[in-house]
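Read through the structure below, which is laid out as structure tokens, and then see the notes.
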């Protein structure tokens, strides 16, 4: 299902491929023993190797190799038992060696695929082309001085996993879904923390447009995006930009662009007088990386449950709607919250209360699940009160609102406010008798055929009881009385 | 009484052990010699104060009974090894003034064994050359001269300064590096002994990289035994170098038994090249005879891809160096030329001014052969031919235990000769490059003189990590050759 | 495959080396000569031959994930021609 964009001369299809750079959660760098923690003083986390001093040599971090394999397995991808590190040669201030150690022809992970969750609840498969390990570059600051730039190499040499998708994505919404799913998988595996605002996960968006059915068009690359919201804006803008160019008779230039968050536009990054010739060749300081199948197997055996497995389990075992399931599994903490609530409790109630009531309240208050004033235990307590008929669902909503405000336990609030549900048959009968006798005329009308009035009677009884009467019982007894 | 500078390392170690003289005395004698021989331009930087400090510390250690393998021995350190706090230039303008904050693993190993450092030896810029005529700090002059001819001769390269220093007796030993012959060829030109061990035997950490898959640290000394002592001190696994092999370092001196009975020595027919001087061939024959007489079996072998070794090397080495030298950009060390332009201007000016011609040529060839469209035709092709060259050796070692060849196609030539075009200079390494490409250990020792009285060397190539056999065979040839000739300009002759 | 001035210009640009006029005069011929000499490699039959990746016959040695390095800013900056407040300084780059 492609979303087509209408141009002046007809419909256009957007074709998107993503390159995601995810920083590995290692303590030290890919080829040096310097620390990787975010936020250190400039050049404080730089070893002589990172600074590319004469005579320095790289030695690989085994943890990074392991995380790349884990991530590959999480992407349902082929693990290449032999892979090679190559040098990507170019000159830039934040690249002290004058080359980046990366993988080109034989990456550690080959083809895979993941399932993405679209807003309407449907899913789509997006194919992964490859994942490879590479060094991150340092950081240059260009805005501190009129004629100079300042270079900090702390980030230089950090381990990145570059995840490249096939150009299977067709809209901004699909892109958002893809990025979210990748992020979730990485976080579930613990191979990357996915903190886009700290830069531990960055996206390059490759976008082209074409008439449906045509060959791929020329693509432009929008680099270094670290916000899903901005990615979507950039895609909207760039697609329009390219369509306009083509419809005006021009040609899209293959180039690198940046997204300007203040204007909402993409702009060309560098003048393209010389296309990059990276002269990739195998790094002679690094032997080929050979891993055993047994190594891969043991990692596979120890993988945690991944988002999609959880999602399908939630749909299957709990009868959750696909969209709700996808929202819950997008963050492991949410999924864990739900499972804590749902354990030993009614699935339907648990689902409703977590996905609709709690998530709704959190969204409104702009809080994450970690910041929820209502803990899983507390919410479970509320669900228990509904399940054993202590309070009605209607009352429960009020109780919940109070719990969210005050952090108090459900039982305490019910006790304090005397909100216990009325389930005593006699009491309900009495209430009903009151209402019926007060509305004798309407009773006659009901008996005469106006069936809609049933709801009116129910409403009156609920009102009389300040909402505390058990609705199901009210319905049953009222029916008996009216029909009997 | 032998002049202190004419002793071998072994003799000096024994004498100091007996208390005949101190390291300070030995070192002072070499400092005086070094300073009297500055016309050779063998050293870029002399470090006499540091040397005397180290010598004094060595004497103190000896008094407590501690003595390392090289205890108190004054040596020259090729200026490609990063030495902490001491200028390291790779003989280039681009690194003028660079003082590393770290010590290379190999030089640290030697310091741990008690070595005394006299200074940083001159070399071809970034180790690229076969005559030591590309150094920013001037040519090195070979202490040997042709009989009756005052022409200054080249010492060979790239480790020309190291070789000249040892030959002129202004160092007892010296480190070098060998990528295509840069230890073996200057050893031959200077009438001394030098070894390039198996690739991976010594650590490359802290040695300025030229061609990573070929560079290897090695030693120069005046005897096979001295080299055995030096290599033992230098070699060993280094976890900081991913290409350094974790295999124990044997006691190489113990291999010098002189017993080559039953050893099979290969003589590769492809090393008999057209136009090779008669004297070189004759010396090779002599070497064969000496080994035969000692009971070795001589086997004619074929290394069929020999003639392609040089062009293979001149694709692979420049390719790797073009990338290894990208870090010389004026930002973190070395010289910087900033005329107020862009970052790219800074790079271009700094590197254009900082690198010499030979380095620039090789960077450009390397960049070219790796560039889009040419990778398969050149770089990949060369790597395949390299595999065939490697296979040639592996196949040969099914039939032989070591291989005997001449080291160089001629004796040392005059400075300014052989410079019509780069390729002529490259041909100096025709016998040494194949072993480099295959990663095999190779040693050169002086075995005779040519008609001009200049030394000629023989090369012994061995199996990977079988330096012991290399030393054993070399020891036998050394004993048979009785090479006692000395260059005209040695320290003791000057002192006289 | 002839190396001309244009090729030399392109390659020197890729390598970030500014050549003098004299070098621009001499290099094309010299490099062309070297490349022609290298051409003989084409004679070698390398069908079914794997390119040699390393002469070292051993497994890649890996490091444990521990912080064992860095935190040596002074050493890192010691030889830099221009620094300020812990940063390396370069001419401003416009992206």
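Just so it is clear, A, B and C label the chains in written order, and each chain counts residues from 1 on its own.
Throughout what follows, a contact is a pair of C-beta atoms (placed from the backbone, for glycine too) under 8 Å apart; a residue touches a chain by one contact, two chains touch by 3 or more.
Nothing here was measured: the structure is a model prediction, and the numbers come from that model.
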| item | value |
| --- | --- |
| Chain nearest the overall C-alpha centroid of the shown protein atoms | C |
| Between the pairs A-B and B-C, the one where more C-beta pairs touch | B-C |
| Computed distance of Cα centres, chain C from chain A, in Å | 41 |
| Inter-centroid spacing, chain B versus chain A (mean Cα positions, whole Å) | 59 |
| Distance from the mean Cα position of chain C to that of chain B, given in whole angstrom | 23 |
| Multi-partner residues of chain B (each touching 2 or more other chains) | 98, 100-102, 213, 239, 242-243, 322, 326, 329, 331-333, 343-344, 347, 367, 371 |
| Sequence positions of chain A contacting 2 or more other chains | 48, 51, 59-60, 91-93, 149, 151, 277, 279, 284, 286-287 |
| Residues of chain C whose C-beta touches two or more other chains | 14, 16, 53-54, 56, 58, 60-61, 63, 72, 75-76, 88, 90-93 |
| Of all residues in chain C, those that touch chain A in their complex | 13-14, 16, 53-54, 56, 58-73, 75-77, 84-95 |
| Chain A residues touching chain C - in the complex, by the definition given at the top | 26-28, 32-35, 41-51, 59-65, 84, 91-93, 140-142, 145-153, 258, 269-270, 274, 277, 279, 282, 284, 286-290 |
| Chain B contact footprint on chain C (complex, rising order) | 3, 7-8, 11-12, 14-20, 23, 27, 30-31, 33-35, 37-38, 40-44, 46, 49-58, 60-61, 63, 72, 75-76, 78-82, 88, 90-93 |
| Touch list for chain A against partner chain B, complex | 48, 51-60, 87, 89, 91-93, 96-99, 149, 151, 277, 279-281, 284-287 |
| Interfacial residue positions of chain B with respect to chain C in the complex | 97-102, 199-200, 213, 239, 242-243, 245-246, 305, 308, 311-312, 314-315, 322, 326, 329-336, 338, 340-349, 351-352, 355, 357, 360-361, 363-365, 367-368, 371, 377-378, 380-388, 390, 421-423, 437-439, 464 |
